[in-house]
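Across the two complexes that follow, chain A remains constant while its partner is chain B and subsequently chain C.
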Partner chain A sequence: MSLEKPSRDTALDVGVTEDGLDYDALADLLGGHILDREEHLNAEGFVIRPDEVQEVLSTLKEEAGFDHCACVTAQEYDDRYESIYHLRKYNDPTQELSIVVPSPKDNPHNESAARVYDTADWHEREAYDLVGIDYDDHPDLRRILLPETWQGHPLSQDYNQDQPQIVSLREHANPLEDDKRSEDDPDTMFVNIGPHHPATHGVLHVETVLDGEQIADLEPDIGYLHRCEEQMCQQGTYRHQIMPYPDRWDYISAGILNEWAYARAAEDLADIEVPEYAQVIRTMAAEMCRIASHELALATFALDVFGDFTAVFQYGIRDREIVQNLLEDLTGQRLMFNYLRLGGVAWDLPEPREEYFEKIRDFLDDLPHKLEEIHDLVTGNEIFQMRCVDTGVLSPEQVKQYGATGPVARGSGVDYDIRRDDPYGYYDELDWNVVTEQGGDNFSRVLVRLREVEESARIIEQCVDLLEQWPEDDREIQANVPRTLRPDPDKEIYRSVEGAKGELGIYIRSDGTDKPARFKIRSPCFSNLQTLPEMSQGEYIPDMIASLGSLDIVLGEVDR
Partner chain B sequence: MSSDQTPPAARDVSTQEARMGDGADDRFNSTLREAFGSTPFILTKFDKFMNWVRGSSMFMLQFGIACCSIEMIHTYAIKHDLDRFGSGVPRASPRQADVIIVPGTIVSKFAPRMKRVYDQMPEPKFVVSMGSCTISGGPFQEGYNVIKGAEEVIPVDIHVPGCPPRPEALIYGVAKLQERIAEGESSPVTVKPYELEQFGDLEQDELVDKLASEIDEEDLVMRYNWNDSP
Partner chain C sequence: MQSAPLPETLANLLGLDPNSTAVMIVLSLVGAGLIGTLMMTNTALAGPWAKRKITAAFTDRIAVDRIGPYGLFIIVADAVRLLSKELIVPEGADRPAWDLAPLIIASTALLGFAVIPMGNGIHLADPEVGLAYVFAVASTTSIGLVMAGYASNNKYSFLGGLRAVAQNLAYEIPLILTGASVVIFAGSLQMSEIVAAQQQSLIGPLPSWYAFVNPFAFVLFMIANLAEVGRNPFDIPEAPTEIVAGYQTEYSSVYFVLIYLGEFIHIFLGGAIIATIFLGGPAGPVLPGIVWFLIKIWGVFLFTQWARSAVPRVRIDQLIEIGWKGMLVLSLANLLLTAVIVGVTV
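Here is the complex of A and B:
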């Protein structure tokens, strides 16, 4: 069947059994490094010493096959700080393990994992920035989201939000005044791209060192849209106050996909069963969002490569408008849907149902023709091919090192899709394919998105069939959920869904109140953006712009 | 119809035609010119004329920040097409633009840059603030890093509320702005914005002392006194 995984390398299968991971075998592998074992809802957590992080993680990576460091969560308890490394495997994300590293309250520090997983570099910088843990042996421990001159660490317990702050403008070196990076290297030129620049898709700042027209060095500088999303979610109650925020992480119409990430984590945390009917509606709506999001990715990519508001851009927007209309009919909103509820959805399909189904079918019927048009205009275009084929190449090894997911990983031949590998919703009942391309270049990533639109359309079609035949007396859209949710104290969970850009994960720790004690967002774009320097080293500057476009980042999700 | 009966050659030259003369090349003839008819002159105050011109041809800065910019893109693109209202040309450089739509949440790291961009626009310039975030900080009002509205940084002419406002709402806001420009109205500045100033000019206090080793005297900085925010 199409949803089956290729067989995996058995040498790295420590503790893998028919019914899940055998954590005892893994514990044996680590032996004396383990201080304690914790139960998290998604996986076991091994508590280890703060100065043995590198050793433990490399053992797990080399010998047990944990090649995906999905996320690093840092938090402060009353008596200690804690970093959690959420590990999984690219060929089976249900095999999970959390490595818990406590560090002392008065001088929080532990060994960095950046030498084992490249992706930990940025994750640990974020943890340092927001929570205030020092990572020893980190290659470059600076603030990443907040300005360098910021005082205090906002997610630590004693942070005072009212203290004044001073932010300087100095990162903007003037390229005319002093265009050399150093005296002994007079040929290189330093160029600031962004944060206000049409090709950066929002407010990204890329510090670039050019050697002639080629890129000698590049560093993305983020944080220009850091809207304190995690703080907002920690201040909201589970039941209603959190759901509007996910819409605003990846705001390219991927709202329902994001809402689902929160819904999935919170429902598993509070043990809520969602009625099947609601799951089908969710699946359908989520795939509509994916289409809308990929359409915009294509439109803006064309904007980057062709340089202006040309036909391709308008075609992309035209198709998006149709999907947005469908979503508006369903949810009442064009962009910020706020449609999912814990345990279901806000309301049933719009009446008259037949009319709505017909609208969807019309859209699906027209889609192949429209995609063909776009293929003619874009992927078949010689100039486009010259710009995109073999530029910005990313190897599968780099993908895994940086924890890239979504179309970026699949464009490099890494067959990883949470919808299939860790199924939720109604996906495992439907017939569809995971799209991969082997090229790893800008062209492959665009192709993956375009082909995923087709697959999403297939999913929507099957959902419509199901919904049409659903017996009228069984249309339950919402499970019974108490008005105020108070999950038991000290439950921890990390759950992810396949967002438009990749693995969108949420970590929640409950403390017995109606608000999460820690709410951590693992955003796919944050990890994906980290690959940009790898992709553009030695490339021409216009190719870097194309690579940035093909990564399809949303700053709202990168910065959160 | 009458034209069928009268051959063109024999037609009398009307007063209007006589007064207009051969005039400009046919290519330049417009319905407007025809409407002026026999008196192809207008008499108006120079300021009034300029305001009308300004309002009728506005160059927008291509400026995206957050979620609202997605709806802004839709406003520019097909279906809504802001171009039709004489205000759709997006310019990538602030030096060529006279309207800036601020579409999204402004955070501490971005505010100084936004001020810079605004300062680079030539006068007269206008600001449309789009979305609740630019009015008060919107859903992120309580965030530790969020500026409580665009007016804390630059003066604003029109606020378009919504989260995000629909494209129709943005068009209405822009049309209102055009109307006001044409009428020569301006909006009073009611909030004292955060300024970009040299670090050396800041009043000395604990925080300034602490940062003295990190920031040069001449560096431009923005100081946020969150307590004074609305």
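Here is the complex of A and C:
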């Protein structure tokens, strides 16, 4: 609820010291399991045997308090495959540890972490799908982004891009035919919700088994919007060619937040210092994006619960439109901003500056009244409360198991916000609060978003004050960055920012060229979506739809 | 206000013999045609144009305004567009049930208008069981919904059809019980009698419309009517974000028009029943009766559109719970109370 960090559970503080993690203490905890220790820019990496993954990870989770498996990165080297488990702690994400698991080149396989962290289930399926590592003891190792019939693993070195891929419709002929789940029980019915359905917010396919109107079983099937974003980033140069891509992950108005994720990772990788003035502009623009994104989340959630494109949807869009105009004035674009640069931003605030500040202040002045209106119409409505309170409940334990972040985690009372816990930009200089709700239901998630809009407005207001008083001769928007950026070879970094949907992380490994050797995106929606089956089992279809809406997924970011 | 039913008026107007059966049959058909055309004209105005304009007004938009004055010619454009679309018949559809369903949905609602007194002598028939007849034909729509639901060979349609039946069952009983409380007041099921009973003054200039005499029954009836016509918060048989479009998922082209038409006529029939038994039928000052009558049914239409724009949808189990545990009990209580009051005072 405030900028004070939550108190720590001292029993799980192995190696925690005043100035960061003492990795030697952690190494002592793991003892003989550690084969080697690597230096990554964000944390140390412990190299372990591929058949001891579960043992090591459960020790770290239970005894050292690493309760957040943020991401699983898989990659192929010339002599080996490698999976990296990026571990952090929910109560202090600056305490990071990478577990590096090499596996042999000819038969890459290592033990799955899905038994320890539920979130590893999908992350490892993705690693299997794109890189080709087999995970032993994985509950359900199938392709996740590509069609079942795909041949080869696109991010592996021997992948033949010219090989024709035949995706036969036969494979997807009739989902009923091989549907064991409904054959066993004649009272159930199998329904494909999506990929074309009014409530799936894009091309999500939810395979659902219904018992009457209730959900007996459910499985999200993703990958319809997979556009090889990671591979495209690996083929672009750091300096200029990658920045436009992040706009296209969470493409509905969270562009600057995404760009900042890449900017933060790449700037830390190449050791670029961003001028303070640019940081303030970034912070302001990012929070505008957050407002736009949360307004749209509310609008589409109302669409799911109210039924049609009704008043609430239009009000949400109307308010978002104003932010969109402000961002357009700033960046020249409405959605695909491409405004951040490594080491700064593309250009200064629009002239005349006073007029622009006036516009922002007008918007901020009107905002409380508009939010009041939304509260009257939506959260104050008894039918809305009837629908949303105590439906789609997600406990804090489930949140941590599935690596859910952002408003989804904060709606379940998990006080986790990268902006405060792992500060970047200008956030730690400003006065604002992290919003949490204890309910864990659909209603809490909506409330969190609405109140975060207020907090973002506070941040923007302070940024405007700062920018207004900024001395004219000190308005430096761009640091000195070489025209061609070549970070030193074999540096690895995982850095995240608080995107609109949660922890948006980027892993980059450099190889001395001007392009990343491995570019991995940790999408918050990807992890958040995994909680859908937990939330909806046994509930009614409308509640499942509402839960899906309250997760606020963007398929562009889930599938990448 | 009492006037002869429409066929007799027509006979007198044309100088034909009102006692001849052949003449009456022909004139009844003519009258039915006239009333049907009147209601369908209203529907044509409501569906493609008024609904858009009203929703737009609720949501700070402008809506259609390019073709004709206030965009009115969109009605013609939409008619051409909808009728010229391809009719797609789903594989495995159960015909002819699939083809009959839209006809049933559209026609049953239209039948109800036969006994509604619309003022200025526009009243096709005035049987003694008028109100019972209206409820009966309005209820047969459910058959059409079930047929559409199961015959489409689509799971969403199937779910929608089942939802529609569950909802209509749960809300028709309170609807009819509340209607019965009016019958107790009026002492007759005959529509003209019910209208006539509302013409005295209640207090001062306020007429003794049953909406003023028994506002509780009026509110109950309005709510049950929302469920009956399937508008928010009770639009769950269609529930676009849950089950795509419910029973009408697989219908396209003319069949889609028929189902949509049926829905709108149903809303207007609901409005007509409310106007007749709660709002004094065509009664009103200055303007002719038919105008007042249309104003009243459009008022009810406006109310359904308002609910649609501003109220969330309840869940199916909540809907059934409200129906059987709330509305039914309240409407029974209302019926008993009315019976007691009428018994004591009369």
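Just a few scattered comments:
We adopt the following convention: the second predicted complex is superposed on the first by the 541 of 560 C-alpha atoms of A that agree within 3 Å, B and C clash if a C-alpha of one lies under 4 Å from a C-alpha of the other, contacts with A are read in each partner's own complex, and residues count from 1 in each chain.
Following the convention adopted for this analysis, a residue touches a chain if its C-beta (ideal position, glycine included) is under 8 Å from a C-beta of that chain, and two chains touch if they have at least 3 such contacts.
Treat the numbers as computed from the prediction; the structure is a model and nothing was measured.
In the superposition on chain A, contact of A:Pro244 is made with chain B only, not with chain C.
Annotation for chain A, partner touching more residues between chain B and chain C: B. When both complexes are overlaid on chain A, the residue A:Arg318 reaches chain B and chain C alike. In the superposition on chain A, A:Pro198 makes contact with both chain B and chain C.
Looking at the shared chain after the overlay, A:Tyr540 reaches chain C, while chain B stays out of its contact range. By the document's definition of touching, of the two partners only chain B reaches A:Pro147; chain C does not. When the shared chain is aligned, no partner comes close enough to touch A:Ile272: not chain B, not chain C.
Legend: residue contacts after superposition of the two complexes on their common chain; A:Asp304 is shown touching chain C, with no touch to chain B.
Counting contacts as defined above, chain A residues 197-198, 309, 313-314, 318 meet chain B in one complex and chain C in the other. Those residues of chain B lying in contact with chain A across their complex are 62-67, 69-71, 73-74, 76-79, 90, 92, 94, 104-105, 107-114, 116-117, 139-140, 142-146, 163-164, 166, 196, 199, 202, 207-208, 210-211, 214-216, 219-227. Residues of chain C that touch chain A in their complex: 55, 58-61, 155-156, 159, 232-233, 235-236, 239-244, 308-318.
Within the complex formed with chain C, the residues of chain A that make contact are 189, 191, 197-199, 213, 302-311, 313-315, 318, 377, 381, 383-384, 386-387, 540-543, 545.
By the touch criterion given at the top, residues 146-151, 154, 159, 161-170, 172, 195-198, 201-203, 223-229, 231-232, 235, 244-245, 248, 251-253, 296, 309, 313-314, 317-318, 320-321, 334-336, 555-556 of chain A touch chain B in their complex.
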